[in-house]
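The data blocks that follow each hold one structure.
Below, chain A partners chain B and then partners chain C, in two separate complexes.
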Partner chain A sequence: MSAARTALVVCTCGGTLCCRIAPERIASAPGFASALITHDFCSGPGRMRVAAWLRETASDGLVVAACGIPSATQALAEVLEGAGVAGHRACLVDVREGCAWVHPRPDQATAKAQRMVAAGAAGVAAGQPPAACSEITSTGRVLLVGTGPGSGAAAARLEELGCEVVPAAGTLERLVGQAGEFEATLRTGEGSERHTVGAVIAAGDASPGLPEFPFGRRVAFLLDGDPWPSQTESTLQAALHLVRDCGCRVLVLFRDMGVAGPGLEELYTEARGQGVTFIRVEAAPPQVCEVDGEWVVTADVPGLGPVTETVDAILGGAAATRQGARRLADALGVAPRQGGWAPRERIFLEPIATERNGVFLIGGARGPYTAVQAARQGEAAAMAALAVAAPGTLAIAGRACIDTEKCAFCLTCLRLCPHQAVTTALGGSMRVLPAACQGCGVCAAACPAGAIQVAESPNRRLLAEIDALMQGPFLGGAVTVVLACVNSAVPTLGAMGRLRLSYPASVLVVPVPCLGRLEPIHCVRPLAAGARRVLLCGCYDRSCEHLVGPASARRMVDRARALAGTLGLDPESIQVASLAPVDWHRMSALLNAPHDSLKVASHAPA
Partner chain B sequence: MVGAGPAGLTAAQALAARGVRVLLAEQGPSVGGWAAGYACKADSDCTLCGVCLAFRASRAVHADAGITLSVDTRVLGIEGGPGEFAVRLAHRPRGVDVSRCTGCGRCAELCPASAIAQPHPQALPVAYVVDPTACLRARGEECAVCSEACPFDAMSLDDSQREELVTADVVVLATGFEPFPAARKGQFGYGRHPGVITTMDLEKGLWQHGLAYLTRLMPARRRVAMIHCVGSRDLAAGRGWCSQVCCPTVLRLASRMAREMPGLEVTLFYMDLQRAAPGVARLFDDLPPEIRLVRGIPAEVLGEPEGLMLVYEDVATAARRQGVFDLVVLAVGMDAAAAAAGAPPLVERPASGSAPGIVAAGACGGPASIPEAIGDGLRAAGAALRVLEGLG
Partner chain C sequence: MPQHEAPTQPSPRDSSWPLAIEAASGERVRLCYGCGVCTGSCPLAHAMDILPSRLMKAVQLGLRERVLEAAAPYLCVACETCAIRCPNGIDVARVMDAVRQASLARGGPPPRAGILGFHRWFLRTVWMFGRAHEGLLSAGHSLQQGRLRQDLATGLALVRHRRLALLPHLVRGRKEVRRLFRTTGKGGGR
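Let's look at the complex of A and B:
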């Protein structure tokens, strides 16, 4: 690495940035073998010119100071390929949306751009080549668990798309391995069976249906609790059947009719038209007592007072049970969400996925969905399963990588990985399953031995960037370092740029792949170097693509604050905030808030 | 692929990942559909509305080399069958070359008629758009300020509408929905009283302006009424279906507003509260005291000097009640897009996808939330793939 020749390209965006930042001053940054000012980095000819210049100057590293639009990212990829520069030896810093457009004073914008370029250079110097690709061969088999609604649709679509459906004959006990090559263990009447499958679709159990007829001519259904669409569907279908085919008189006592599913309002209208009696019970649940072998139901009906009806049978709304869903989730290794349905409430797992790549939950295994909803989910899951289980060999780039020399076998990574991507390999060492790993880096941040690196942005690189950003006093005033999640905070900064919403130039931003990646040192180092505050800006818990990033970050911040305290730094100056990628108003409020008010504004739910 | 909302984006991405060449035609100037104009509705945590899912899908599709994205493009007609569809497209002139524009904004800065703008600050593609009704050149004047100033030679002011005939093996229709036209329920006064808005207006207002949108609408007092089922579950309005997404949307919006605006009082007028959607049961269980529930839909909204008066029946006592509010939000239902536009359907019953080789995806086939539309996009991609494999 001693002969590294890193080049710097500064793009002025057609000259429009020249009055807002000084390109020559940015281009004269120390530490680069060569520098070029261009006006159209992202254009076709611009890309070719830069690639040719890189070859001429025999550069093997590149920092581009340009903008945050997708064509700049594409241009960088093309330039690197054209000039034969490795991806980990390059970086793009956004001095347009991130400096020129948001800081009215050109001297401050330029000073900040210089810092960003220095940080980029430090990152390039600390870059590591990606881990080797591993190959996964799938046989095209997909395990289908359960016969609940949706399983038929999933099976049919899987076969149409060339996958082999393995119906689970027995109870699923265990699922190990990763997408493309799972090992499923099933308990059957005779013992246990093992299957190698590329993906798993779990549909849950079929709903129990009506008890055997006859149970008298007068029937009441009691629907209490949440208005589940699956409950509405099964109840109203049963009620219609009893009215039409069995000549029953049917009463449905309910509080809210759950009609939020395809065709349910139509079903409700039909049931009313066919003479099913609906009684809305507003406050107290209906009272039921047995008198001479008959059931007497008393309900307090709004506007009418107590209504009493005598019936021969009382049925609950048959619906998918949470119990079964919970057992299944345990066997699949996916955590049930609060209340028992699986998976956890995370927007990036909707509508069919789980935290485990290649494992899909549909229908009654997922929630109180109707048959139509379950069938749609089944067909969607079939398509998603195809992506990981289609017959053939997939090359998968490694992300997290465990150094077995350093690993102390403490199992912290195994415990914390939200994607079940860490496993114990034969011979007593830890291994990351590449098809399961999503690259969040929660393991790397928590590993006490520092034995885990995530290829695309190793922690060393992040620290090098932070240190370079904080090198020497900053002309724009007391510095705020924003550790910004690329999925949420960075897009809001782009929007602020395009809207020309200004914020202090002393806000220095370090993009991070996920807040879960950060370690206490990333928070404390800027403070030790004179920063006034460090703001960790990322997703909400339920909107984190990596599922546990914000929660990990909050735990980490507790440690970081303790560390700051022992070093005589203000622990309260390390803060965490959540936002969505589309909520630039919130970002603007965070960055423009006076230091003290932010302490109140940033929230950290328990 | 017709339509670049959540369903179309997802289907395009899934097909491209299987090596299918996809032409994605979007009639708007940028991708994302309605979902690209919704606000984040997190309260203390994300409430799973799915805006982030749509945001991610937009970025992924825009960066996908296997998908040819064609914005400003309407489908005029589809003829033929599987393996030999002929699709007639009309490209609306944008005034700006999408492949050249870097979004630098020079044109918008200099335009004497303020006729140039970006679709929105996170629009993809990032290219600006010229409004032909405001552009001086389009109105016959000799103006070339933007063309001369553009550093990338990206202005194309003299373009006119261009038609194109493309062939396709399979067609996926993901044309989405239209919100119910709230003015049709005249008793609620939408369009007459400035304090009556729809959930779509509220989403867009919060997204574009943040809470300032609300403080502008309600400078002094903070009494909000939200009326459910406007254009849903309503046979009189010709809509005998539940739009499914509006109850969750109302609960999410109410929770966010109540959390971020101290002193706000929100009253929800509803028939049955649909709260089975992921992320919503929690909102209902922890409903803050500022949010009040009243069963029943008000009869009318009257503009009174002291505010907007709602007349409704108290279901518990069957008594007539009145309440005065500063803002009334109508939770409008979803219509299939083709029906609302009043345009002739592209094919016979497009929503059913019954024509061979034409697959419907997302909300054009019935009300769908963003996550449901994304799931349906995947489903439709599978159906399209099956058609393609049948062709051999």
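Let's look at the complex of A and C:
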């Protein structure tokens, strides 16, 4: 059995963890061929020492009990490369933030660390080699759709970087394939033409001009809602223009003055200095009525009551090309949100990226940004496009892999994939595009035939980890199993460790790439093994990197509860919570709450 | 003092008044964007009927009557914390001063019973001794209010703890101080 040559490395983090967990007791865990206690796994010499030791002991598997910071992950990757151990045969167990720093009682902390190491070993034993690499050959061409200030900046930077820019001579109709080898179909006046490109940058123009001056001398602007930077900019510019150049009296009624953008703060100060009157309307929207051919605006000023102003004209914010943005998003295969604009609040994406690898939205195609912002986005998009479309051949191993023997060709994966990474291959089978797949596992969880496995979290490995965590009696009370999204819940738990926010040692954590990866079996298995509660902690709907994770997890939990009911387990003990990567107080409340009060905490507002 | 309820009817506005206050105070009230830092740092905000930041907004909007009726400007002790902290560099205390003067120039009754008397007693003690004397100030003010017994216990406790001197501290340059009073035409609150 291959597990015979799995090695264990315990890092004591410079000896600081020894007061809470006993490294010798962890290192003496059964099932390992060899064990090493080190104190500086993440340092350069530490990495080299561990890699040399792994070669000496001829290990082909590795479990590292260390901390949960990014440099430890980097160190692990480097050690694996140096020792020639495959990535799926290794595992990093966070016994610092996830154990020693949050459990004050040394006996409980050590017992939990042992359990975590055993789970890591089980996961390594159940690891699955990744799918065979496929080669992607990029021509280095980048398709540039649309015009605007961002487009020019992107084109200039791309040419400087040695990429060939293909300006779209028509409307983009369809985009298939993956980063490096997209196939774009454009409709032109004569018909349609096809281009093979490595990446796509979509730009747009959304800056409205200054208003004409046909109306009277008293003007009010209504800037309601959450304004985009270009709305703020155009409103302030227009207000300034009317006050300074036309001698108007200008009133701006706003709910939120969004000045987050280059030069906007200065513009706002300039407008106030020139005598534009600003009124923040907090609760009720301002009322407008017509009296004797004039407009009377009434706004409720906090603490001062209603204030009226008679004006000749009332102007709104910027009107922009919303419909066009939606059509473009459809053609690009990315999700439009917020009334047609690309989503703003998805914190895991760079400000230019989309959920589809190799497709970038800038300037007016993304939202009503100012010209300066659009140009900056253009430059950033050029650099990002170069990273995926640089000329040459790249071998990429797919993260999700479809077993064509089991596949029933039901197209469920094709419909559900949030990254447009599943396609039909020649010969009637499904194929995952390796450069497009981001390994969320939404397809794997939904596949009725169980034909899809994700390299990082194959079913076998997840179940093996859960079983190992649940094996044997446990110190410290009723067990809670947390199925934790690596984007939100895992960083939150890390932050709790750094803040020393303690929680019971009976809380056991299983990291998953996305809540969308989970199947009912993952929720019911811990309950069947004696856990009191299974908590699925993931992102909010609007911030999920994979768009559909929380929603599909909520649907899945309904099925998991039904399954738990038929097995005679308490369905209410499976709960879903949404949190941001910094919600440590909420997480602390969730983990420390007495079991009975938790029924209220589940199903947080999305 | 509880804060005034916001009126339910629109208040009258005077569009030239903000400029008058700006000229009188030398401060650019228009730059205020209502962040509320002045209110947050004001040691007397809890006692004011209109908070400093809202008073600034009211000046901006030309709500003259509303501002001149307020007691808040008379409660300002010109500690200048607001001026130090204002992100727009406005000296709110100077604006308060300008508003106070506008209120007095209008000749109306003092907006809150006793405030004007308190200010007069303060100046009177300065005129007498060259510097303020808290004992006489509070005694005279309380006597004028007809509420001598209200502050008596506190006053005696302060005397016992040597926080309040019974006898005034005379300043050497009293004559110069009185000359200042004469030059400004304010005869010691009399």
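To be clear about the criterion, the second predicted complex is superposed on the first by the 416 of 606 C-alpha atoms of A that agree within 3 Å, B and C clash if a C-alpha of one lies under 4 Å from a C-alpha of the other, contacts with A are read in each partner's own complex, and residues count from 1 in each chain.
Operating definition for what follows: contacts are C-beta pairs under 8 Å (C-beta built on N, C-alpha and C of every residue); 3 or more make two chains touch, one makes a residue touch a chain.
Here the structure is a predicted model, which means the values were calculated and not measured.
Trainee: In the overlay, answer first, second, both or neither for which of chain B and chain C A:585 touches.
Mentor: A:585 contacts chain B only, not chain C.
Trainee: Once the shared chain is lined up, is A:364 touching chain B (first), chain C (second), both, or neither of them?
Mentor: neither
Trainee: According to the contact criterion defined above, which of chain B and chain C contacts more residues of chain A?
Mentor: Greater contact footprint in residues on chain A: B.
Trainee: Touching A:23 in the superposition: chain B (first), chain C (second), both, neither?
Mentor: In the superposed model, A:23 contacts neither chain B nor chain C.
Trainee: One more residue to check, A:275. First (chain B), second (chain C), both or neither?
Mentor: After superposing on A, A:275 lies in contact with chain C but is clear of chain B.
Trainee: Can A:308 be said to touch chain B (first), chain C (second), both, or neither?
Mentor: second
Trainee: If you stack the two complexes on chain A, which partner ends up touching A:298: first (chain B), second (chain C), both, or neither?
Mentor: So A:298 only meets chain C here.
Trainee: Does chain B (first) or chain C (second) touch A:520, or do both, or does neither?
Mentor: A:520 sits against neither chain B nor chain C.
Trainee: Overlap the chain B and chain C contact sets on chain A and report the shared residues.
Mentor: 257, 269, 302-303
Trainee: Given the complex with chain A, which residues does chain C contribute to the contact?
Mentor: For chain C paired with chain A, touching residues are 3, 6-11, 13, 15, 28, 30-34, 50-51, 54, 57-58, 60-61, 63, 66, 88.
Trainee: Which chain B residues qualify as touching chain A in the complex?
Mentor: Contacts found on chain B: 14, 17-18, 38-40, 42, 44-53, 55-56, 59, 62-63, 100, 102-106, 118, 121-122, 124, 126, 150-152, 207, 209-212, 233, 235, 240-242, 244, 247-248, 272-279, 281-282, 295, 315-318, 366, 371-372, 374-376, 378-379, 381-383, 385-386, 389.
Trainee: Which part of chain A faces chain C closely enough to touch in the complex?
Mentor: 249, 257, 268-269, 272-273, 275, 277-280, 298, 301-309
Trainee: Would you pull the chain A residues touching chain B in the complex into a rising list?
Mentor: 13-16, 39-40, 42-43, 67, 69-71, 73-74, 157, 160-162, 226-229, 256-262, 264-266, 269, 282, 302-303, 338-339, 345-348, 350-352, 367-368, 376-377, 379-384, 386-387, 487-488, 491, 494-496, 498-499, 539-543, 545, 578-586, 603, 605
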